[in-house]
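One structure coming up, written as C-alpha cells, with questions to follow.
Order of writing sets the chain letters: A, B, C, D and E. Residues in each chain are counted from 1.
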Amino acid sequence: MDNMTRRVFAGAAALAALGVVTGAAAQQPVKIGVIYPLSGNSASAGNYSKMAIEVGADVVNNGNAELAKIMPIAKGGGLSGLGGAKIQLIFADNQGTPAAGQNQALRLISEEKVAAIIGAYQSGITVTASAIAERHGIPFLTAESVAANLTERGFKWFFRTTPVAIDFARAYSTFLREQKAAGQKVGSVALVHENTEYGNSVASVIAEQFAKDGLPVTQKIAYSANSSDVQPQVLQLKEKNPDVAIFISYTSDAILYTKTMKELGWKPAIMIADNAGFNDPAFVKSLGGSVEGLVNRSTFAGGKPGSVPELFNELYKKKTGGDSLDDVSARGLQGFLVMADAINRAGSTDPAKIRDALKATNLPASQMVTGYEGVKFDDKGQNILASTLITQMRGGQYVAIWPKDRATAQIVLPYKGW
Amino acid sequence: MTLVQVIVSGLLLGAVYALFSSGLTLIWGMMNVVNFAHGDFVMLGMYTAVVIWTALGGGPFAAVPAAAIVIATLGVLSYFLLVRHIMRGPMLAQILGTFGLALFLRYAAFWTFGADFKTLPDTLIGGSFTLGGIRFEGSRVLAGVGGLLITLLLHLILTRTSVGSRMLAVSEDATAAQLMGIRPQRMQALAWAMAGAATGIAGALIATFFYTSPTVGETLAILAFVTVSFGGFGSVLGALVAGLIIGVVESLSAYLIGPVYKDVVVYVLFVLVLWFRPQGLMGKA
Amino acid sequence: MKRYLFPGVVLVLAYPLLAAGYPVWERLGALVLLAAIGASAWNIVGGYAGQVSVGHAVFFGFGAYSAVVVYTHLGWPPIAGAPIGMLLSVAVAAVIGVPTLRLSGHYFSMATIAVAELVRVLSSTSEFLGGAQGLTGPAMPRTVFDLSFLSATPFYYIFLAVLAFLLGLTWWIERGRMGFYLRAIKDSERAARSLGVSAGRYKLYAYMLSGAFTSLAGSLYLCMFGFVDPESGFGILISVKMVVMAALGGAGQLFGPLVGALILVPLEELSNSYLGGRGAGLTFVVYGAIIVIIARFLPSGLLSLFERRSAKPAAKSEIASGHAD
Amino acid sequence: MLIDARNVTKAFGAFKAVDDASVTVEEGDILGLIGPNGAGKSTFFNCLTGDLPVTSGTVSFAGNDVTRLPPEARAKLGLARTFQVPLTFESMSVLDNATIGALLRHPNARDARARARDVLQRVGLGHLTDAPAKSLGTPGRKRLEIARALASEPKALLLDEAMAGLTPTEVREAIELVRRIHGGGITIVIVEHIMEVIVSLAQRVVVFHQGREIARGTPREVTSNPAVIEAYLGRRKVQHGAHL
Amino acid sequence: MTTLLRVDHLEVRYGDLIGVADVSLEVPAGSVVALLGSNGAGKTTTLNAIAGIATASQGTIEFGGENIAGQPAYAIVRKGLALSPEGWRLFTQQSVENNLLLGATPLADRKRIPRLLERVYAVFPRLAERRKQTAGTMSGGERQMLAVGRALMSEPKLLLLDEPSLGLAPTIVDAMYDSFAALHKDGQTILLAEQSVDLALEAADYAYVLQVGRTVLQGPANEMAGNPDVQKVYLGIE
C-alpha cells in the first residue's frame, strides 16, 4: 500500500513544516492562498500540484544548497526581501465547481488575509475565483488554466505563467513539419478531443494553426469526457487510418483509448498526446509500457542532472514516495516559484507592490522547473516566454525530444505502442 | 465489417451495463427503493478488486469473489442500518438517505485510496483475439459474458428457485408471505446481499478494462438508472435487454453520428420509451 | 411555529449588520438565501404536489444561460436575462411536463434526470451557449445593473427580496384553490380527481411555476458568480441539491427548504473551509454522514420535529371486512 | 334519465368482473346495487365514475356521453362518489378535506371554506372541523368522504359501501344522513352489502352476482327472490324453503 | 376432545375503529367449526388476528396451549396454523405450482411435498391443469381454489378458511366441501368463516354467529340450521 506510506509521510512532512513556521515567529509569515480541485473529478491533479507547491515552499523556507547555486530564492531562511519571512501556504478546495472556487477565494482574501492567490486549475473556476481577487485587489496567478479569454478580461491583478493553446498548436505544427522534412508521412491528421472547455479550445486552435501551415486535419472526433466506452471512436480512426493522431484527453479517457487501441490493434505512425491524461502519473505508472514511442507535449521532462527540474524532481519524489513531477504539478510549482520571487522582490505583503513586482518579473530559462524560456508578463498578464517541450515515452518515462536545444534524446518513429 | 465490430462491442458493453444495473433493479423490485448510492457500490467493488488483485497479490480468482463478498456485506449493512428505516418514510427520504450514503462512501474511498486513477494489470485476461475478422478483447469478453451469466443467474434464482420464489412473494405481498412462514426482513436483507454480490462482481469485472477512481461511480450510476428504468424497474431481464439495446445504440450512434451525440441518442430513446411505455420495456404496469 | 416568526424576520433582516466586516459570513448569508430560492422553487412541484423532479437543473441552467447570453450576445446586463429565462422555462416546463408528469413515482424522477442530462449534453455542443467552455459574465461592472458588488450584502438583500416574494407567493398559493388541489393530488390523486380536480393540469401549472422560479435562481446565481458551463448549469448535482435541501428541511412545508438551506449550505461551506484544504475529501465524508443520520432518524425532514404532537399517530384503518369486491 | 349505463363489460384478463350490465338511474332515485362479495358491483360502480375504463359498453350522465371522460370531468358534470376504503387526504384537517370538494363550485378558498363548514355541520362533523383527518376512525372518514362529495354540490352521489364497518347505531345515523341528502334533491346510488341499509333506503334495487345482474325491483321484491336468497345465503336446500 | 384453539375476549382495533369487540370461541381438535355472520361482522378480523396478521389489542389466543397473541404471522404458521385469507392474497406474478410450493414453506419435512401437491390436485383438478399458469391470469373461482390449496400445503393442524365458497360455481363448491368433509374425516381441524349459512352448517360440527364484532349466537351446527335468529342477524331484519 504505497498510498498509505505516502499519506503518512505527507502528514509528517506537513506537521514538520507547521512546526518550523510556528517556531520562527520572529517575522510574520507571508500567506499565499492556493486553490485547487482537492475533491471531485480532477482531484488527482489537484493533489499532486498541492504536493509540488509544498515542496517549493519548503525550499524557499528551509533552503536547498544545490538549487541555491542556480536560483537565489532557494538559499533558505525564507524571503530575504521581507527580512526572512517564511511562506505559509493556505490550501483551499474548489470541489470542481465555479461557486466553491469563488467562495474559497473570498475566504482566502478576507479571512486568511493572503497576500496573493495561485489557482485554480480548471479554467471555468479560475474565471470566478480571479474575479473576486480582481475586485479585492489581490494578485491572482494561474499556472495551469489555458482558456484564451482569461487574459482578455482587462484584469489588472491577473497573471498566467502557463503556455496556452496557441503555443501548443505552434509547437505541434513546427514539430510535424520538421518530421515531414525528415521524410515522415504526415498526409492526414486526426484530432481526437474531449468535448470540454480544455479539449474544444485546444482542438480548434490546433485545427486553425494546422490549416494555416498546410497540415491537413482529415478527422475531428469530439467525445464526451469520462466515457464508458471509446471503441466506436477507435474504429472510426482505424477505418480512416490517419498518419498522425493527436489525443486531447484527461486521464480516464486516456486510459480507455490506450487500452482500446491495443485491443483493436490500431496505431498511427505518429501518435501525439496533448499532455493532460497521458501525463498523469497514474497513467504513466500503469500504462507506460503500452504507449512506447508516444509523442507528448509537456512542459516538464526531467532535465539533466543538477538542473532545476532534476533537483526539484528529486525533492518531489522524496515527498511523494517515488512519483515524479508531471506537467501539471511542475507548472503549479513553477507558478508558485514565480509568485515567491515576486513577493520577495516586492519586499512587502502589500498586494499592489506584489503586483508591480509580478509585472517586473524577468526570470531566465535556467531557473525554470518547466521547459519555459523564462517568465516575463505582457500587459494582459500572459507569460510571453511560455513554451512547451515535446517529449516521447521511452521505457516507461517521458524524455524531451524537441526543441533540439533542450532535447535529451533523439526521436524514434514510427510509434511502437505495446 | 467495422459495423459488425461496432455492434459486437456494443453488445459486450451492453452486457456490462446490464450487469451493473441488475443489483439496482433487484432492490427496486423487492422493496420499491431506488439506491442513489448504487454507483458507489460498483466503485467500491472495483476498489476491492484492485486491492485484492494488486496490493495483496490475490489475482483475479480471489478478486472477484472478494468483491462479491465485500459488497454483499455492505449491502446487508446498508439495509439494516439505513434502508430498513427510510423505506417506511416518504420517497424523498430514500433519495436523501441514499444520496448521503453515496457521498459518504465516495469520499471514504477518496480518503482511503486517494484520488488517483488506478488500473489493473493486463496479465491473464489482457489479450485479445480475432474471430471471423472481429477483434475481441479478453477482459471485455469476460465482463460481457460475466454480465450475461450473472444477470441470467439472478433471473433464474428469482424465477426458478424456492428462495427466489419467496423473495418475489415478499415483494408482491409481504403480509401474505408471512402467512407462508416467510420472514420479510430476512428476504429483503437477502435481496440486498444478492444485489450487493452482483454489484461487487460487476465492479471487479469492470475494473479489468476500466479505470478505478473514487468518482467513477457517478459516471456509472446515471447509466444504471437509465438502464433500469428503460428496462422496467424490478425486472432483471428487462435490465439485460435494456442494457444490450443501450450498448448497441451507444456504439452505433457514436460511430455513425459522433461520440458527443451518443448520450443524446440514448436519452431521447429513453424518453420515447417512457412516453409510449411508461413502465419501461418489461416493467409491470 | 408562529412565535418564531417575528424574531426570525428581525434576525434575517439584521443579519448583514451582524456579519458586517466578515465578508465570508456576509456571503454565507447570501448563499443560504440563493440555495433557499432554488429549493423553495422546487418545493412547489416536488414538495406540495409530490412530484419528485430530480432534473430541475434544466430550469436553473436556462436561467443562468439566459442571463449570460443576453450579456454575451447583446451586451445587456445579465439580470435582464432573468425574465427571458423564466418565460423560456415556463415553455420548457410545458414541453417536458406533458409527457413526464403522466409517469408515477420513480419513473417521473428518472425521466426528469434523463431530460436534464439530455439538455446538459446538448448545451455542451452548442456554439451559441459557448459549448463546453461555458460563458463568462461581465468581468468588471460597467453599470450598477451588472450587479457586481465587492460585498455580498447587496446580493443578500436582493436574494432576500426574491425569496420573500417567492415564499409569499407560495403562501398565497398554499391558501388558495391551487394549494388545496396540489396537496390533495399529493395525498391521493384518485380522490382528488373524483372531486373534479384536473390533476394533470394542476401538476403542470405547479411544474411551470416551479420551473420559472428555479430559472430565476439560476439567473441570480449567474449575476453573483459570473460564469456558467454545462456542468455548473445543468449538472445533476444542481438538481439533487435542491431535492436534498427541501427534503432535509421538510418538503411541502413553506419554510422547509429554507431550513434545509440553513443547515446544508453552512455545513458545506464551513466544512470545506476548515477541512477542504487538507485535500482528502473529508468534507464530504462528514457532509454525507450527517445527511444519512438525518434521513435515518427524521425521514420527513427537520421541521417534523416541530410538528404538533396532538395528532394521534396515523393508524392505517382498513375496514374490518368487506373490501374484497 | 340521469345515469344510463348500457351493456357495460369490464374484464381483467380472462376474468370478467362485470358482464354486460345495463342500469339506469332516474333523477331523484335512490338506487341500491347489492350482491355478495365478488359480485362485481364495485367494479361496475368504478366504471360509472370513470375510475376504470370500460372494456365495452357506454355510460352517459345527465345527457352527456361520458364513456371516455376521466373522473374529474364526470365530477364537474355533477357526479360525486365515496370510496370503499376511504381515501381521505391524510395530511389535511377535516375542514380542508371538505374544502377540496367545495372548491369545485366555489373557486375562492374563503367561500369554499365557508361552504365546507356548512356541509360538515350538516353531516355531523361540525365539532371536528380542525382535527387532522388522520385522527378520524373509519366511521369518521366515511362521513368525511360524504361531506367532501356533497361539498362539490353534485347532482348524483355514488356511495361505495359507505356503511361497511359501522356499528348498528352508526349505520342508522348514516341512513338518516343519506335520507337527508336525498331530501335535498340529490340522486343516490348506493352499493352495499348490508341488506338493512338497502331495505330502509332504496326505492329500486339491482342485484349483482358473479358479474351479472340477477334481479331487480323494489327491496321487498328482491329480498324474496329465490335467486337472490341463494346468492346471499348460499345454496339453499329445497326442504328449507324460503322464510322471507 | 382436546381444545386446539381457544380465543378469549378478543378485541382488535384499527386505529379508532374496533374491528372485533369481544369474540370468544373454541375449536376442539378434529372438529370443523363455522364462524358465521354478515359482512362487517368481524369474521375476517377474527381469523386475521388468530393467524397473526392483525394485532389483538385485548384478549388471548391459545393454540395448542400456548398464547400466540402478538406473535408474528410467520412464527404462528410454523406452529401448524394456516390461513386462506380474505381476498385470496395470491402471488399473482408466480405460477400456480409456485404458489402451492410457497404454501409448503413452513413444512419441516420437504419430502412430503409431492404427496401434498397430489392431494391438492386431487381436490382441485382444475389447478393441476393450470399448474404452469401465472396465478394472476386466473378467474375468481380458480383463485379461490388456489388459496385454499396453498393453505393446505403446510399440512396445518388447524386450517383457517375465510369464505372459501366465495365466487365459486356451485359444482366446484360442492367438490370443495366434499373435500373438506374428507379432510374432516381424516382428522383435519378446520375453522371456517362463511356467509353461506347452509353450506357452512352442513360441513360444521359447531357454529358461532358474529354480529358487529361480537359472538351473539353459538351452538351445535344442526341446531343452528333451523334457528330463525340466524337469518335475522344476517339480513338485518328485526
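Assume contacts are C-beta pairs under 8 Å (C-beta built on N, C-alpha and C of every residue); 3 or more make two chains touch, one makes a residue touch a chain.
Since this is a predicted model, take the numbers as computed values, not measurements.
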Separation of subunit D from subunit B in steps, with touching chains one step apart: 2
Longest centre-to-centre distance from subunit E, chain (CA-based): A
Label of the chain whose CA centroid is most distant from the centroid of subunit D: A
Contact-richer chain pair [B-E vs D-E]: D-E
Where subunit B and subunit C are represented by their mean Cα positions, the distance between them in whole Å: 30
Subunit A-subunit B separation of Cα centroids, rounded to whole Å: 36
CA centroid of subunit A to CA centroid of subunit D, Å: 76
In subunit A, residues with contacts to at least two other chains: 39, 43, 46-47, 195, 222, 224
Multi-partner residues of subunit D (each touching 2 or more other chains): 37-38, 135, 137-138, 164-165, 193
Overlap residues in subunit B, where contacts from two or more other chains coincide: 107, 110, 115, 214, 260, 263
Subunit C - residues contacting subunit A, complex: 22-24, 27, 31, 121, 124-125, 131-134, 136, 139-140, 148, 150, 221, 225-229, 231-232, 237, 269, 272-273, 276-281, 283-284
Residues of subunit E touching subunit B in the complex: 51-53, 72-74, 77-78, 82-83, 85, 89-94, 98, 101-103, 105-106, 150, 154
Contact set on subunit A toward subunit C in their complex: 36, 38-39, 43, 46-47, 50, 90-93, 95, 97-100, 102-104, 106-107, 109-111, 123-124, 127-128, 131, 134-136, 147, 149, 153-155, 195-197, 199-201, 222, 224
Residues of subunit C touching subunit D in the complex: 175-177, 180-181, 183-184, 186-188, 190-199, 252, 311-312, 314, 317-325
Parts of subunit A lying in touch with subunit B, wherever the complex brings them together: 1, 3, 6-7, 39-41, 43-44, 46-47, 195, 221-224, 226-233, 235-236, 238-239, 251-252, 255-256, 259-260, 262-265, 280-283, 286-287, 290
